[in-house]
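One structure, pasted below without further comment.
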Amino acid sequence: MSREQVAKDYEEYKEKGRIWGQVPPERITKIKFPRADAATIKRYLALPDMTTTVSDLLDSYGIRGVVAASYIKPLIAGKRIAGTAVTLRSMPERKTPTQGSIDKDPIKMSTREIYYLSEPGDVLVADFGGNLDVSNMGGQSALVGKTVGFAGAIVNGAVRDVPAIREVDFPVWSAGVTPITGKFRMEATEINGPVRLHDIVVYPGDLIVADDSGICVVPADRIASLIDEAESIGGAEDKMRELIVSKAPISELRPLFRKRYD
Amino acid sequence: MSREQVAKDYEEYKEKGRIWGQVPPERITKIKFPRADAATIKRYLALPDMTTTVSDLLDSYGIRGVVAASYIKPLIAGKRIAGTAVTLRSMPERKTPTQGSIDKDPIKMSTREIYYLSEPGDVLVADFGGNLDVSNMGGQSALVGKTVGFAGAIVNGAVRDVPAIREVDFPVWSAGVTPITGKFRMEATEINGPVRLHDIVVYPGDLIVADDSGICVVPADRIASLIDEAESIGGAEDKMRELIVSKAPISELRPLFRKRYD
Amino acid sequence: MSREQVAKDYEEYKEKGRIWGQVPPERITKIKFPRADAATIKRYLALPDMTTTVSDLLDSYGIRGVVAASYIKPLIAGKRIAGTAVTLRSMPERKTPTQGSIDKDPIKMSTREIYYLSEPGDVLVADFGGNLDVSNMGGQSALVGKTVGFAGAIVNGAVRDVPAIREVDFPVWSAGVTPITGKFRMEATEINGPVRLHDIVVYPGDLIVADDSGICVVPADRIASLIDEAESIGGAEDKMRELIVSKAPISELRPLFRKRYD
Amino acid sequence: MSREQVAKDYEEYKEKGRIWGQVPPERITKIKFPRADAATIKRYLALPDMTTTVSDLLDSYGIRGVVAASYIKPLIAGKRIAGTAVTLRSMPERKTPTQGSIDKDPIKMSTREIYYLSEPGDVLVADFGGNLDVSNMGGQSALVGKTVGFAGAIVNGAVRDVPAIREVDFPVWSAGVTPITGKFRMEATEINGPVRLHDIVVYPGDLIVADDSGICVVPADRIASLIDEAESIGGAEDKMRELIVSKAPISELRPLFRKRYD
Amino acid sequence: MSREQVAKDYEEYKEKGRIWGQVPPERITKIKFPRADAATIKRYLALPDMTTTVSDLLDSYGIRGVVAASYIKPLIAGKRIAGTAVTLRSMPERKTPTQGSIDKDPIKMSTREIYYLSEPGDVLVADFGGNLDVSNMGGQSALVGKTVGFAGAIVNGAVRDVPAIREVDFPVWSAGVTPITGKFRMEATEINGPVRLHDIVVYPGDLIVADDSGICVVPADRIASLIDEAESIGGAEDKMRELIVSKAPISELRPLFRKRYD
Amino acid sequence: MSREQVAKDYEEYKEKGRIWGQVPPERITKIKFPRADAATIKRYLALPDMTTTVSDLLDSYGIRGVVAASYIKPLIAGKRIAGTAVTLRSMPERKTPTQGSIDKDPIKMSTREIYYLSEPGDVLVADFGGNLDVSNMGGQSALVGKTVGFAGAIVNGAVRDVPAIREVDFPVWSAGVTPITGKFRMEATEINGPVRLHDIVVYPGDLIVADDSGICVVPADRIASLIDEAESIGGAEDKMRELIVSKAPISELRPLFRKRYD
């Protein structure tokens, strides 16, 4: 996307009152880009073993796009989300927090900027290199996210205000949990560039699919085809479940089992 | 146990329709072996601080047989299980998943094989070296486990389909949680040989006792004597609790406290 | 505090029946020291984003006093506590547990000693160097803590009897969870000296403030001033929340946002 | 390989005085199997960037067969080895060392057994699950290994007697280094079965190739073809180096660079 | 720096034959920027306890700019370097290596691009998120680096061809060591943007100072003033050493000791 | 040891000019205590596989007293030391370094205090909880240690000035290496109390025995008897080595092998 286009989009959003203004415009790599439509997202959310099914299909495409909840965990158990990724990459600040607060440095971290730049249904993917001590977002950020209609947030780092996030009921997956603010400790380096989640990459416009097992990242150009394939598997799975519960003999189960992976 | 006996048992189970057939027979080390009876298991489950009591007695025998839930955690909080261990050891596959799926390699991982070879009340102990990325069992496996009457599963590795496992209400302890399948990533190397749980060994026929604090492994030849000793401690413990709650003076509490560890 | 004063206090407490007697008196560094009063603690507990607010103010003082729940986690989700720290430091025992039990060595670990030496509302801070295998306290200890009126416990190490601790409803934060006893594995080295929580220090008399996000340690001489400042921030925060929920335009939100950090 | 053949081989080796007798025969899965010939091994050792070249070719076959020296490190810097894998898998002992030594239990760990069962030029691959505390082999074991002509040892665990191993000049790669014996702490579970090195599998008969960068495992059926391919790349690499040193312009370097990966 | 300037610089360098062409121009954030001059670098290298002295002065400025060699280690012991940082940030590739090599995808990783864009005496700072498995640079890259006159490289990730790097005698600090290529596993995302080393940030133009203890990053605007201060401390340090060696009494040593930190 | 005795010793040492004065006297738990004599230490240093032999004997006593070099590593390869432990325990400072340096706080860390309080041949055991970022001692400290005749230092934490320590040739084992000072980051909490090395305890007066494999801690009351036993094993070991090198048949080796562990 050309820098000219982003500059134009930025001006448009500014006029519409959608620019918070904490992140300098040159750190915003993309503003407008295609999103998965609501109908497609609904189909994803209807998959019975959502991340399992998506992960298996990414495997079959030779794509590395899954992060285990062993590393990035749900804050609220039982949540299931699907939505378009918008991304925020942060870097450590150079000054110590004490020095920064003495010098009255401006705050350079911000999830707010990205919320207002995005669309309802989006998923915030924030990357601070897996750091477990410093918060990337707190209760107020979650409240804004919820209010503007975000589906949730995936944080390769830590978050704070866990009780408030739970109260707002905003689905968050994070590597850690902390009371320590990111203010004076991190700065927003790029909005809507590529970011890292544990050991995979996320681009803005990818589809994020997450539940208690972990997070799948579907590349934008696979979103449509993957769900088609996923739905075609469902029938066999349901049949298998029924047979298992009815204590069908192995001879009946085995042929079905094979079908799935050929 | 002689290989001849296993071969004979295998044929018998095959006729009975209890062989799934994914794991080659030479990788099955034992099929039939003695189990703790239901009455004994009931007594274990009746212990008030189950894993605590069992752990203390293993200590007193000079046996290393306990894994902290710091390492292998319950998927569903509040579960308590006791049952005979059946074991499954897996090794990493040599081919990358992509290469394997292009070559149409047969799937060599299987929890299914072991479920049908085992008895109601058994506990699956699956060892994949503590790996946190790749799933050893998912929702369908849990459904089979539940249906055939397993007490639960302990996984030195990761599992997937967390929502489905919770729905089936199958008690699972695991080192991690992931959407990524083990198919094309691991293969079943041995059924009912010795396996490793974090830093201890489990043999088939051992008694597994697990709750939110962790997992205890009682060697087969100690199952009967340990529960006898455990029950004899219970009284003093109950008395202690009553005294504490009634705010008894230290002078009354102290003699009881000592009794337990002499 | 002079050793003479401690010796005198010890005798006084002994007469009052408050000495359990497992920890030798020379390992008790302080018995009496000033505590935050109940009214102050109530004000802390009334803070909406408790650990967040306290952490930010510690930051502004240039004080390192916060541990992320990434490292020391709540055993019971949703708990919020504030109370004066009493501290217990333990060291590994030199003998193996087997050798110790053969030799009938006396048990040298004890949370009990400190409970009876302390005041209602206190928070136990137990340090065993972050070890994840060995328990620092169990269900009975939690029951005593609850009965004598402790607000909760923070353990830089592991605890056991998780089901019992949950039943007693005693708020505990710990690095790990295990069935393995600390008896014959650790000994109480010091009561009410400085201890370490992950990478910060706690002194007896500090105020412990903990919730699902983590643990804050307010130095004794800052307890009063910090809560004064904390309460003065609350209003702006509430106003911000209302504006967010009412979907106020950015132009209205931004000035408020800035106010907090100048 | 049939159990009968192993039993026969065992008897043959016993007669030849090549059975140490510490590991029961039923734990020996293979005795005789094909080895890479000396000429082939010489060709591997002649590769300029040995593990790099082998790793790239394993990649091109879709085979996961490399462990970074980040995890399993050379004890003596600068060593380069290639040789046929013989494998030893160990499990933790159930008794504490103290209990075992009181009971005068027989020692069940042994690298010795495998040295005498193997051939000159072989590489011992010992797997104890990456444990960093307990030794799998020490100075005497290294001395035997050196004397019988082993090329070296790769240990997924720790070793001891580092000064003695260095003096003997026996090339060892290990996950850790420790004075603590494995006697009474581990037992030899299987000789010449599949073992795990960090996150890959090794079978007896594979070719082990190791230097300061790490360890490559070439499957037995690829040993011959891989070295053929590897040698055909060498020329371009040498040419590249020359051009770089002579400060050739990019226009001359680039075409050569591309050639390698198409 | 404006994108226009970079585009202009790119064209200039292209004409001069300094563009390798593997990294698309829009991923190059800066080409020309000010460097520390050779005389200043010489003064840094003349500091007796180089990283110690620089670290202490960064501390006194309230700047977080040091990474312990506990995390990023020297490949060749005893090396000491100082030079201007040029930076390379990489992200994981989305395709599995197998899939990428089947699809004949172009290689997108490159240290080469940056070498030819830089100046003699520069230090490559490559960031791949601390990954320990995949190589960021190998022997050929080190050879180019050496040939074009780089002072060394700091890699927040792994490197390969350790023997070749040692032979070329190119000073490298890295988080890990591996034979596994980054080709098809990582792609160069940005040249000369901010990167992360463990938990600090590096900007192109900063001064990198590294020895066996670790790595210091001096912000560009502090390079001149820091070395002035550093040199003024040296005398007292030397005097202290002499006194210690001559076994001067404490009364003589103590006043000198204090001087440094007031 | 009574506080009165320590106070008296302190005064005596003060008069002798052996008090540096940075650590308040109440933090010094012991000054005079019995040491292993030079002859005994010489015998320890004469053991061929020093830490191996000592570790095995500690095992036989049921004593946990060994730390693997996997965790605490030699800075200079090939060093072997034995000497009496003097201990230094430090806690994190509460203020950030920036705040501390603005407030001109006195420095509270000190290895110097302990060097002058100790005897030639002693080994410094410094405990900072295994922290990898912050230095416990640097080149000047090593120089003092060397000058006053210390045998070496074991640091459960990090050290700095690696080049200077190597030049001074002072044997140091540490968990990490860093340029970052401990000044304003740690304070000396206790001299000559019990400290922790990884997962074991060290008391002043214990014998420290360390080489490339790791560190053994012999309790003071076992120093004499352990070396007696150790020397009696040596003969069999030497005989074994000779037989191995002379390629003696297994039948000759086996009886000797057994002898050691009965």
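Per-chain residue numbering starts at 1, and chain names A, B, C, D, E and F are given in the order in which the chains are listed.
We take it that a residue touches a chain if its C-beta (ideal position, glycine included) is under 8 Å from a C-beta of that chain, and two chains touch if they have at least 3 such contacts.
Because the structure is a prediction, the values reported are computed rather than measured.
J.: Using direct touches as single steps, what is the fewest number of steps from chain A over to chain F?
T.: 1
J.: Under the document's definition of touching, what chains do chain B and chain D have as common neighbours?
T.: Where chain B and chain D share a partner, that partner set is C, E.
J.: Could you work out which chain's C-alpha centre is the most distant one from the centre of chain D?
T.: With centres defined by C-alpha atoms, farthest from chain D sits C.
J.: Given that chain E and chain F are copies and touch, would you call their interface same or different according to whether over half of its residue numbers are shared?
T.: Under half of the interface numbering overlaps between copies: different.
J.: Looking at C-F and C-D, which pair shares more C-beta contacts?
T.: Looking at contacts between chains, C-F has the larger number.
J.: Compute the distance, rounded to whole Å, between the mean C-alpha positions of chain A and chain E.
T.: One centre to the other, that is 32 Å.
J.: So what's the Cα centroid distance for chain A and chain D, whole Å?
T.: 42
J.: I'd like to verify one number: the distance from the centre of chain A to the centre of chain C, where each centre is the average of its C-alpha atoms, in whole angstrom.
T.: Spacing between the chain centres: roughly 34 Å.
J.: Which residues of chain A are in contact with two or more other chains?
T.: If we look for residues of chain A contacting two or more partner chains, we find 62, 96-99, 102.
J.: Which word fits how the chains touch one another: line, ring, star, complete or other?
T.: If you draw each chain as a dot and join those that touch, the picture is no line, ring, star or complete graph.
J.: Taking all chains into account, which pairs touch?
T.: A-B, A-C, A-E, A-F, B-C, B-D, B-E, C-D, C-F, D-E, D-F, E-F
J.: Quick one: which bits of chain D touch chain E in the complex? Just the residue numbers, please.
T.: Checking each residue of chain D against chain E gives 48-49, 51-52, 54-56, 59-60, 62, 66, 68-71, 78, 80, 211-216, 237, 240-241, 244-245, 247, 249-251, 254, 257, 261-262.
J.: Show which residues of chain D lie in contact with chain B when the two form their complex.
T.: 3, 61-65, 91-96, 98-100, 102, 129-131, 189, 193-194, 196, 199-201, 219
J.: Chain D touches which residues of chain E in the complex?
T.: It comes out as residues 17-21, 97-98, 101, 104, 107, 112, 116, 132-133, 138-140, 143-144, 147, 158, 160-164, 166, 175-181, 183-184.
J.: In the complex, go through chain A and note every residue touching chain F.
T.: Spelled out, the residues of chain A in touch with chain F are 96-99, 102.
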